[in-house]
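Every chain is named by a letter (A, B, C and D) in the order it is written, and numbering of its residues begins at 1.
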Amino acid sequence: MARRSKVFGSFAEAVKDIADGSVVGIGGFAGPGTPYNLTKALLEQGAKKLTCVANTTGGAHQPRMPDIGMLVENGQVAKVICSFTAATRPTDTLPFTKYYESGECDAELVPQGTLAERMRAAGAGIPAFYTPTAVGTELAEGRETRVINGREYLLEYALPLDVAFIRAWKADEAGNLVFRLAQRNFCPLMATAATLTIVEVEEPIVPAGTLDPDLIHVPGIFVQRLVKIPPAPEGLWTVRREERTR
Amino acid sequence: MSGKLGWDRQQMADRIAREFQEGWIVNLGVGIPTMCSNTDIGDREITYHAENGVIGYGPVLPMGQEDLHLVNAGGQNVSLAPGAAIVNHADSFGIIRSGRIDVTVMGAYEVASSGDFANWKVAGAKGGGIGGAMDLAASAKRVFIILEHTQRNGTSRLVRHCALPVTARGVVKLVCTNLGVFEPVGEGFRVRELAPGVDLPAAQAATATPLYA
Amino acid sequence: MSGKLGWDRQQMADRIAREFQEGWIVNLGVGIPTMCSNTDIGDREITYHAENGVIGYGPVLPMGQEDLHLVNAGGQNVSLAPGAAIVNHADSFGIIRSGRIDVTVMGAYEVASSGDFANWKVAGAKGGGIGGAMDLAASAKRVFIILEHTQRNGTSRLVRHCALPVTARGVVKLVCTNLGVFEPVGEGFRVRELAPGVDLPAAQAATATPLYA
Amino acid sequence: MARRSKVFGSFAEAVKDIADGSVVGIGGFAGPGTPYNLTKALLEQGAKKLTCVANTTGGAHQPRMPDIGMLVENGQVAKVICSFTAATRPTDTLPFTKYYESGECDAELVPQGTLAERMRAAGAGIPAFYTPTAVGTELAEGRETRVINGREYLLEYALPLDVAFIRAWKADEAGNLVFRLAQRNFCPLMATAATLTIVEVEEPIVPAGTLDPDLIHVPGIFVQRLVKIPPAPEGLWTVRREERTR
């Protein structure tokens, strides 16, 4: 079996064919796993009317890295699906919030666990499921619920992606991925939910057969494209944030 | 750290951490709650769970000692405890929804004496910030809330009914403010403990619902 | 290996394996289908998926070279291919249900010209053996069936309507028997190829539904 | 944080308090991951009216190892929930089948992927979900279906376990587990679905902090009891089966 390499030479090449109107999932949680380089390439590529799916639209902290808020500012986004469309503390403001308040960009606010499970469902061929989350809240108003064993649950639908951008620690040429610590977060779910998964990789990409099959977090069959992140400043890497008490 | 009456932020976190029982799995939310993992809990075995899939972490690390791949729910670089394990977001919230979190500690804008609380949307806003709060509030065995007792203008955050959209209903078991520790009991709050320098009349004056001793 | 007319078991597996296209993810079921991973497929890149979560395996290993921790869907000790990965059962069937299996190859008791097939319950039985067949049949992009053309008493296994309870309806794309390769086309089967020594009248005589050349 | 060890000294001690009427999941698929030693201990412990959940009732192959069929033969089982209650080829006979045919033991036959997903759902706080599997078959007769995006799906409910028996390759004293190759199968799902997870472990059980947190297949919070498998003949280990062509 001759393994074809999934390695691309540049971020620009890896995102070149992303079409207007695509649903793009962007992994990461508070830094680790966030595909800064792919997001930057998508800013340069210019696809429009995107639906962006992520935990947050970003931009709450300094230094600011490429995020969904920037894609919105760049006029590329029709809608976001996130667990944050505003900051948790009223005194903070996310760059995205004003675009949502003004109606320039639409948003669907989804509890974080439901967001994760909806992508997991899409990747697992489950079209819909019930969850206890958000029952009795504004988010459940007018929606279908069901009582199972005496408890009320909300019906939620799978959330498939056209494209997933994720960041991994290690990869082989077959697309098998390994994450380090909190880098994993949404990334494996987005890889399974997407038709096209593009990964920025921190360590040198190794030949297939090099990684231990027991220690793979995302099997290569879910991954189509890999790009090695070059050293800074050409490549974007997480930098230490100012220590925060919030 | 604060000119306010009673406990400061770390003291509130320390006070809540005293409630954690042997063997508990504890989820700490963004803000003051994340400070609980800095509290010395003696020889109790507590497992801190962060919504991003980190199971078993410890104190926030000082500048220069951080591992940039490792953050808690608030994005702070924490240390790992022995026996830690990492899972993805779906599995992390599977742990939450399946009722394995003994307590979740969160911040809030308002807590009602009915056990309702609100922490995701402010008055007049179109959007909000839910994060993992609704999942945690719906399915953790207990919800503890840490918040300043009043807004800057003196308005009580402990109320009879939430004015803001709720995060979950009837779930709050314990509230810690700068003034003390309170339990929602329907018509009002039972006072479990008052912070040093705070007496019941002062606490009642700052509270929009009855306090019971 | 068999005194029957036409192909033997490994030849049927080899013939089906010729259908696998570059880049396909192929699931092989218990019985003759597992023999496909023994077939030399040249330089095509095929990933064999087993329902128990082994993604990327190769031939069955000879006695003495087995790793007892590694089995295919039939419980045979197989080898791993470069780039293999292991997942749990939920994730393995997630791959199946989400439509990522390009073809599943299964055995069956009966195949109907409608594309229905039956392979989990025999006549008069109270129970059955489904295994992963219903998940695979419902969600793989293609279902290929390998089976002996007739029962021991000569009754055709290629039928107009399944008499046994079906595993899934209208999903079979290709059938390989000891007599040849056939496609279900509604009222009957189109003959794609006949095994050496088998002519159309002989194949038709063994088949309970029309064959079309 | 002082980690309490979850290590038990014997299989008998680890299964001592399993109550009559328990729902017991037994991991494994065609050998790897099968908890032969715990099953043997349960045969000796004698709990009755059990509901046993596994891929199969076992006994199709020689040499026969402790299996659900033996628990049935021992009068301990009221019901099994499996993807096989009979062999796949009509010429084979599972030991269990005659107990089912005669009505001495009840059975629920569940497609393998649905069985896995029902336990995954139980462990993930999802009470019910929809699946395409078994639509249009005898198993779906009279049951609730729903059309989503033009395709028909069957409603399935979570399957929680009281007890899970599983077999792992490595473990630490905190209960973190690592499986090797095809040993993983149903084991992680059963651990998450169960109130009490008991694990037989092949390698020496190491102190907490020894295993890499990124490479854990089941976090210790899902595991209550561990027993190291002694060398044969005291402990039961997989032996090579006669090579089979089926």
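To be clear about the criterion, contacts are C-beta pairs under 8 Å (C-beta built on N, C-alpha and C of every residue); 3 or more make two chains touch, one makes a residue touch a chain.
The model shown is predicted, which means the values in this text are computed figures rather than measured ones.
Undergrad: Using the touch definition from the top, list the chains contacting both chain C and chain D.
TA: Where chain C and chain D share a partner, that partner set is A.
Undergrad: What chain lies farthest away from chain D once each centre is taken as the mean of the Cα atoms?
TA: So the chain farthest away from chain D turns out to be B.
Undergrad: Does B-D or A-B have more contacting C-beta pairs?
TA: By the number of C-beta pairs in contact, the winner is A-B.
Undergrad: Cα centroid separation between chain A and chain D, in whole Å?
TA: Centre separation, chain A to chain D: 34 Å.
Undergrad: Just the number, please: Cα centre separation of chain B and chain C in whole Å.
TA: 56
Undergrad: How many angstrom between the C-alpha centroids of chain D and chain B?
TA: 37
Undergrad: For chain A versus chain B, what separation do you get between their C-alpha means, in angstrom?
TA: Spacing between the chain centres: roughly 27 Å.
Undergrad: Of all the residues in chain C, which ones touch at least 2 other chains?
TA: 80, 86-87, 90, 93-94, 96-97, 139
Undergrad: Please list all residues of chain A that touch 2 or more other chains.
TA: In chain A, residues 117, 124-126, 131-132, 179-181, 184, 213-214, 217 touch at least two other chains, as defined above.
Undergrad: Name the shape of the chain contact graph, picking from line, ring, star, complete and other.
TA: If you draw each chain as a dot and join those that touch, the picture is no line, ring, star or complete graph.
Undergrad: Return all touching chain pairs.
TA: A-B, A-C, A-D, B-D, C-D
Undergrad: Okay, in this complex, where on chain D does chain C touch?
TA: Per the touch definition, chain D meets chain C at residues 29-32, 55, 61, 83-90, 97, 100-101, 107, 109-114, 116-117, 119-120, 131-139, 169, 179-189, 217, 238-241, 243-246.
Undergrad: Given the complex with chain D, which residues does chain A contribute to the contact?
TA: So the residues of chain A touching chain D come out as 117, 121, 124-132, 146, 148-149, 151, 153, 157, 178-181, 184, 213-215, 217.
Undergrad: Note which residues of chain C are touching chain A in the complex, please.
TA: Listed in rising order, the residues are 23, 25, 41, 43-47, 49, 55-56, 58, 80-87, 90-91, 93-100, 139.
Undergrad: Of all residues in chain B, which touch chain A in the complex?
TA: 9, 30-31, 35, 50-54, 60, 63, 66-71, 73-77, 80, 86-90, 92-94, 96-97, 107, 109, 119-122, 125-135, 138-139, 165-169
Undergrad: Taking the complex as given, what residues does chain D use to touch chain B?
TA: Touch list, chain D to chain B: 1-4, 122-126, 172-174, 176, 192, 207-209, 213-214, 216, 219-222.
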